[in-house]
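Okay, so chain A shows up in both of these, paired with chain B first and chain C after.
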Partner chain A sequence: MIISVASGKGGTGKTTVATNMASALGEGVRLLDCDVEAPNAHLFLNPEIGQVEKVTTFIPEIDDDLCTACKKCAEICRFRALAVVGGKVLVFPELCHSCGGCVEVCEEGAIKDGKRELGTVESGTAGDILFSHGRLRVGEAMSPPLIKKVRSINGNNSITIIDAPPGTSCPVIAAIKGADFVLMVTEPTPFGLHDLKLGIEAVKTLGIPCGLVINRSDIGDNGVKEYAAKEDIPVLLEIPFDRNIAEAYSVGKLIIEVQPEWADKFRDLYNRIEILARC
Partner chain B sequence: MRELVIISGKGGTGKTCLTAAFASLAENSVLCDADVDAANLHLLMNPKIKKRTDFMGGSIAKIRTADCTECGRCLELCKFEAISEQFVVDAISCEGCGVCVDLCPEQAIDFPVQKCGEWFISDTRYGAMVHARLGIAEENSGKLVSLVRQQAKILAEEKGNELILTDGPPGIGCPVIASIGGATALLIVVEPTVSGIHDMLRVADLAAHFKIPGLICVNKYDLNTDMTSKIEAVAEKRNIKVVGRVPFDSLFTKAMVEGKNILEYRQDSEVAATVRKVWDEILQSPSMNLMGLKDFSAVIK
Partner chain C sequence: MKVAITAKGVHLSDEVDPRFGRAPYIMIVDTETMDFEAIDNSENVNAFKGAGIQAATMVSEKGAEVLLTGYCGPNAFKTVEAAGIKVVSDVAGTVEEAVEAFKTGPVEYSTGANKEGHW
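Entry: the complex of A and B
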């Protein structure tokens, strides 16, 4: 069972829901923090990191001795990562999408495997939870390949919980594609509702069943609930605003640490997801 | 002309609410929403759209079944697993590299340009605004961000505006990089939590990487004053000016529900006074005034 926790709008409580649900369930859970631009789950789970892997992607490296400056590589590159200037091929590593087109068209075999660092994947354990996250290198623009790398980590665990990045574009798609269920976390405000609608549309294009957690459920207005009812999206959990919870969050504490009665609610949330994902 | 870009690393720290409030204070400015992925600024601005333009992003491969001999060359070439065994391209996975298009032995693959979203030039009660909407599940968000910023710049030049106020996206990846290049200064809005400070440091590293001066505003500072002090200490160590602390106040949410910024909603409130003070600090900061203007705020107001 793979559950992606997503949101559209940032700061609605994705990490809170993902980490609390993972901790409440405990053994057999793997948590993958795929918000590689701003990974935060580790701050709440405090995993012992045992493995650090540098993740790279292909970029062309030109062998000037073999290169005849025929321009074929620059012509096939749609991303303008290659240019021929003064009889020499210039590579702009940060523009390269690693499609390998240049390697295919080079008749001289002058393009060698170069590397650009995307970031790191760190793995370890937090109590009974298997933990991994990606950390995008500062200055690197492309997060989806690193997200896919984090997603590729699996084993014989029964439940995988993915903490997804905010938004609705390619990084989010990389974090929710292939999941059995998408849990959308929102807040009942005009911003929350607006971005929830976009998020739900993204989930729909992938045809994945989804449900809703409303965080800080007693602020704002009724728009989110009305929308959920109209669209037939089940509201699986409501977490009211509580200054104690907010203060605990600020120092890296889980809700279930400061208010243990929430552990049952998060287990129940999982049980409801399991039923919905199977129908 | 200067551009202040409001970013945060972590989402939901209050970028848009503060941007909208600043917009009401900076009259001689153009507004720009660079969070094209999940744009929210328009919800507080009620923009009247004057011009609507399609955003043509990248192309996507499309196999013409009639001409396809199922030789499998495209499958072999595609690094993005976007082509199925049945020779159908998955538009979401297709990166738009065109390698299959160019190298298909039968020339059986088309490469139509895709409409990836729309961008708008609008009027608001605080002046012109450039904003956009990226299509769902689309790529090229960086390209669209660059486009709206460029349009905001053209507009500001035409109208003789001295400032562009840009509401940025969360994170540190592609759209953020596109949002900050060439900006005068960045306002990093941070909340006093472990995740807020963690993500602020990443965004501060990014600012340093691109050599853009940063300013810091601690929002909801009273949720954890120890953490606020820690943030301010880190900021000082990194030579990032702290322009103020804004308290946690439910007035922000109430104002948002009415589609207003905090200054319109309760202009006499304490929090409104704080926001005005933060804005003055921003205008007086050395990073906004490096170009030699003695009183930049006088030009904006």
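Entry: the complex of A and C
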């Protein structure tokens, strides 16, 4: 069972929901923090990191002795990572999306495997939970390959909970595609609703069943609930705007640590997801 | 000598466009005869990324030796530099005025990009 915890808007409580659900379920759970631009699940789970793996991606490296400046590589590159001027090929590594098209069309075999570092994947354990997260290299713009690398860490667990990045662009798709269920976390405000709709559209396009957690549920207005009813999206959990919860968060504590009765609520949340995912 | 100038229109009386990669037109002007060709750059205007690189490649293929423009980013500068094209930035006024100013001098060539890359 793979559950991606996503949102349209940032700061709605994805990490809060993902870490509390993972912790409440305990053994057999793997938490993958795929918000690689700003991973923060480790602040709440305090994992012991055992393995650190550097992740690189292919970029073309030109062998000037073999290159005839025929321009085929530059012509096929839709990201313009290659340009031919003054009889030489220029490479712009940061624009490259690693498709390998340039290698395919080069008749001279002049394009060698170069590498650009994307970031690191760190893995370990947090109590009974298996934990991995990605850290995008500062200055790197392309996160999906690193997210896919984090997601490739697998085995020995029955439940995978993915903490996805916010938004609806490529990194989010990389973090939710192929999941059995997407749990959308939102807040009941016009801003929350606006971005939730965008997120739900993306999830529906991928054809993945989804449900809602409404965080800070006693603020704002009724818009999110009305939308959920209209779209037939189940509201699976509501977390109130509670000072005690906010204080726990501010010192890196889980809700279930300061209010143990929430462990049952998060286990219930998982049970409801399991039923919905199998429908 | 052929110079490339970023322009808002297709006439010598049109304004210089301060952007290089995403200028609507790039004029290739012969400084001796004032013969010119206005190249439609609309494909680059809407490019996802790499507009400056593409424009620089095109300017190089047209045989321009100097580029007169407003701003030139790092990737565009790297490309024109590799092509052996000199860059004069912060150019304003009409295309004709820019060419005249270049011809009468003094001319100060850029030693690097004067604009950050777009993300």
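Keep in mind that, in the parts below, the second predicted complex is superposed on the first by the 279 of 279 C-alpha atoms of A that agree within 3 Å, B and C clash if a C-alpha of one lies under 4 Å from a C-alpha of the other, contacts with A are read in each partner's own complex, and residues count from 1 in each chain.
Definition applied: contacts are C-beta pairs under 8 Å (C-beta built on N, C-alpha and C of every residue); 3 or more make two chains touch, one makes a residue touch a chain.
This structure is a prediction, so every number in the text was calculated from the model and none was measured.
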> Does the superposition put A:279 against chain B (first), chain C (second), both, or neither?
Replying inline: neither
> After lining up the shared chain so the two structures overlap, which partner does A:249 touch, if you call chain B first and chain C second: first, second, both or neither?
Replying inline: first
> Should A:74 be classified as contacting the first partner (chain B), the second (chain C), both, or neither?
Replying inline: second
>> With both complexes superposed on chain A, which partner does A:141 reach: first (chain B), second (chain C), both or neither?
In response: both
>> After superposing on the shared chain, does chain C or chain B touch more chain A residues?
In response: B
> Once the shared chain is lined up, is A:98 touching chain B (first), chain C (second), both, or neither of them?
Replying inline: first
>> Output check: A:85 vs chain B and chain C. Expected answer is one of first, second, both, neither. What do you get?
In response: second
>> Counting contacts the way the document defines them, which residues of chain A are shared by the two interfaces, the one with chain B and the one with chain C?
In response: 79, 141
> Okay, in this complex, where on chain A does chain C touch?
Replying inline: 74, 79-81, 83-86, 88, 90, 92, 95, 141
>> Under the stated contact criterion, what part of chain B meets chain A in this complex?
In response: 9-13, 16, 37-38, 40, 43, 58-59, 77, 79-80, 92, 95-99, 102-103, 134, 136-139, 141-142, 169-178, 191-196, 198-199, 202, 205-206, 209-210, 223-224, 227, 250, 253, 256-257, 259
>> Taking the touch rule as given, give the residues of chain A at its contact with chain B in the complex, in rising order.
In response: 8-12, 15, 35-38, 40, 43-44, 76, 78-79, 97-101, 104-105, 136, 138-143, 165-173, 177, 187, 189-191, 194-195, 198, 201-202, 205-206, 219-221, 243, 246-247, 249-252
> Where on chain C is chain A touching in the complex?
Replying inline: 47-50, 53-54, 56-57, 60, 75, 78-80, 82-84, 119
